[in-house]
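Please find the structures below.
First chain A sits with chain B, and in the next complex the same chain sits with chain C.
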Partner chain A sequence: MDWTVLLPHIPRLMDGLLITLWVTVLGTLASVAGALLLAGAAASPFGPVRGIVRVYTEIILGLPILVLLYLIYFVAPDLGLRLDEISAGVLTLTLYYSPYMAEAIRGAVGSIPPGQIDAARMVGMPGLSIARRIVAPQVLGLVIPPLTGLMIGLAKDTAILSVISVQEFAYRTKQVVSRTYAPFEVWTFVAVVYWMLLSAFETLMRGAEGRALRFRESR
Partner chain B sequence: MFDTELFLESVPTLADAALVTIRLTVVSGALGLLAGALSAAAQLSGVTALRILSRIYVSLMRGTPLFVQLLVVSFGLPMLGVSADPFLAAALAIGLNSGAYVTEILRAGVLAVPAGQIEAAAAVGLSPVRIWTRILLPQAFAISLPALAAELTIVLKSTPLASVVAVTEMTYSGVLIQSRAFSAIEVFVPIAVGYILIAQAILRGARHLEGRLARARA
Partner chain C sequence: MLNRRFMLSSLAAVLAAGLATATPAAADALDDIKARGSIIVAIDPTFPPFEFTDAAGKVVGYDPELIEAVAAGMGVKVEYKVMAFSGIIPGLIAGAFDMTPTLNVTAERAAKIDYAIPTAASVNAVLTLKETAVKSSAIEDLAGLKCAVKATTQPEQMMTTLNDELEAKGAKPVELLGFETIEQTIAALADKRVDCVVDDKSVLVEAINKRADLPLALAGEIGGSQPIAWGVNKANPKLTAALSDGLKALKASGKMAELQTKYFGYTTDLPETDFVPK
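Now for the complex of A and B:
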């Protein structure tokens, strides 16, 4: 086993890592936006809207992300939607993770006792203030742990985009493997990099959760 | 636009590949359950070294993409002198990955078993191994069944990644047809439907089993 073969290729790998970060950030922002939309639609007084959200969620729960990626990258162009690799990748991540994140948000909002909202209304708080001062601070703390898990899942799933030639970390790794003929060393190194970054992110989010739930300490 | 002939031609090939997908899901799921049960037991045992080992395992599996794990396993096995059959390498990687999530599910399940039962079992002289196999794991399994079923659907949804180590499961089989026929919709739409149906079968089966377990306990 020779680990030094890696050294000359580190810059190439780091370029890929930047793309991974970029796609992860775009995918996360778009998924959270999609999730808010879905969570809102799921609470709609309109039956058909709720039905569509439910069917969509069921479909995504059974559909592998790789198949979704192929549907968007290979099938959608036949139907008139032609996207470049990165857009197709981000769209796939968004369509796949929005319903999962929407469930996390719904769970957090649902765990707030309705009495609190009634009470706030009783003392004459306007709706927007109730959302901002009563609901949002509590939801934030509750939603951080499940969202963190999903964001880590999304970050890991960006590796799948290498199959449609998004030049991210795993794609660059494949290139380096074909130049060094040291697949085990290179893939192990890459695994350790993912692990360190994602563990650091998890620790960071645990800190954020603690901060968001600060108000509980006063009890 | 939809080539019916290509669709009909592909159906037998895709159906064969669907069987590979199901086999891979079952084998990986069983491995994951085994790894998860061992790792959950290690984490809940009083032994510090075992607990740390299990924590590292869970953290490594959750902190790296399955895609990368698959490649590490399939290139790593030959270095250990094990000839890597792609199917086995894929099942091992997917199973070990799932084991980390199963650890958390079973851990929560075990902790939900009332402590009084363990005390009672110890009081009548059951050995710790017996307490695990007869008292804790069966109940933890029943409590965790819905979460385990959801995890099995995630295993199902991970199996397309086995294509990176050249296992011809449903998705890869579709890619092969598509690269020959230059047409995607006829293969990927039935494949998507296939996965959704298998996932629904898993979830419904689990709900059925859950009902039977609840009746058996009542």
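Now for the complex of A and C:
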């Protein structure tokens, strides 16, 4: 085993890691936005809107992300939609993860007892204040754990984008392995980097969850 | 695919180094072949179009046809010993058979075995669409354009090396997009995500034939070529010379060019001297 074989390739790997972080950030922001949209639409008073959300969610839940990625990158151009590899990758992550995140949001909102809202109305609170002061603080604490899990899933799934030539961390890793013939050293290094970053993110989000739930302690 | 073969056989050559010293020198195998009336050929027929097996399990391909033609010229039959490629170079060095086809010619191997004159060359080429921004397959004409390659393959590494040379000269590198399969590189070209595809020439010719629906065209070869030749034990210089003479006759008669067209879809000019890299 010779860890020094890695050294000349560290800049190449770090370029890839930056792309991974970039795609993860874009994918997460777009997915959360999409999830809010879907969760809102699922609560719509219009039946057809709720129906569309349900059908879309059912379709996505039944597709492997790799198949979705190939559809968007290799099949969509035949239908007139040609996206570059980063856009196709971010769109895939967004389409795939927003229904899961919407479910997490819906679950958290649904767990707020309706009695609280009725009580707030009784004391004359305006609707916006109810959302901001009663619902949002509680939902935030409840939604962080499942969202964190999904965000970590999304971050890990960015590695799949290597198959459509997004030159992220896993893509660069495969290249470096093919040059060094040192799969053990290279993949071990890369696994440790992924694990450290994702563990740090999880710790951060656990702290955020604690902060969001502070109101419980002061009860 | 040639690359993997090269790696395996490098390993085999290292393993065989021990065997080689233990082999006693014998009379030239050419005399034995004539006496026996057959030449014994070790072959791993899992390497189309060079050598493979047909539906009936018979060994066929470019090299088997060449070998059979050369053997016919020598007035002997061909006897195949089918085995895994990893065992072939060690066996050749140990004298277990007379020859083997389809070896990449390398300096390391040339220290252990002799080669007849090259029968083929592995060469990369540039594939484009017919109406294209690519003027030629010269690397200077590809600078700043996008090319699809199969990720982690020899063509990708070759293009990376050529990119380093471009950048050293102050030119823009070729932007390389790496995919998993040849179909995906062709799809990227068809969707105009890239300006060209770089891969082994015979692979690209096959793609052109398969995708007649697309306006595909070869812009030319790129990156030099690596000769492929038959290997013979160093103890048998007369046999090596006889095989080379047989191949020269097939070249002169046009038979070799005919077989190249049949199996590769193009013909190659091959060197007869100084083809072993230093």
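Note that the second predicted complex is superposed on the first by the 219 of 219 C-alpha atoms of A that agree within 3 Å, B and C clash if a C-alpha of one lies under 4 Å from a C-alpha of the other, contacts with A are read in each partner's own complex, and residues count from 1 in each chain.
The criterion applied here is as follows: contacts are C-beta pairs under 8 Å (C-beta built on N, C-alpha and C of every residue); 3 or more make two chains touch, one makes a residue touch a chain.
Because the structure is predicted, anything quoted here is derived from the model rather than measured.
Of the two partner chains placed by superposition, A:M14 touches none, neither chain B nor chain C. Judged by the touch definition given at the top, the superposed model places A:A191 against chain B, while chain C stays out of reach. When the shared chain is aligned, chain B and chain C each come close enough to touch A:F74.
Applying the stated contact rule after C-alpha superposition, one finds that A:P183 touches chain B and leaves chain C untouched. In the superposed model, A:Y171 lies in contact with chain C only, and not with chain B. The partner that reaches more residues of chain A, of the two candidates chain B and chain C, is B. Of the two partner chains placed by superposition, only chain B is touched by A:K156; chain C is not. Once the two complexes are overlaid on the shared chain, A:R82 sits against chain C while remaining clear of chain B.
Once the two complexes are overlaid on the shared chain, A:I65 sits against chain B while remaining clear of chain C.
Residues 74, 162-163 of chain A contact both chain B in one complex and chain C in the other.
Those residues of chain A lying in contact with chain C across their complex are 74, 77, 82, 84-85, 162-165, 167, 171, 174-175, 177-179. Looking at the complex, you find that chain B touches chain A at residues 1, 59-60, 62-69, 71-72, 75-76, 79, 153, 156-161, 163-164, 171, 174-175, 178, 183-185, 188-189, 191-192, 195-200.
Partner chain B is touched in their complex by these residues of chain A: 1, 58-59, 61-68, 70-71, 74-75, 78-79, 152, 156-160, 162-163, 170, 173, 183-184, 187-188, 190-191, 194-195, 198-199, 202. Considering their complex, residues 148, 151-153, 156-157, 177-180, 184, 187-188, 191-193 of chain C touch chain A.
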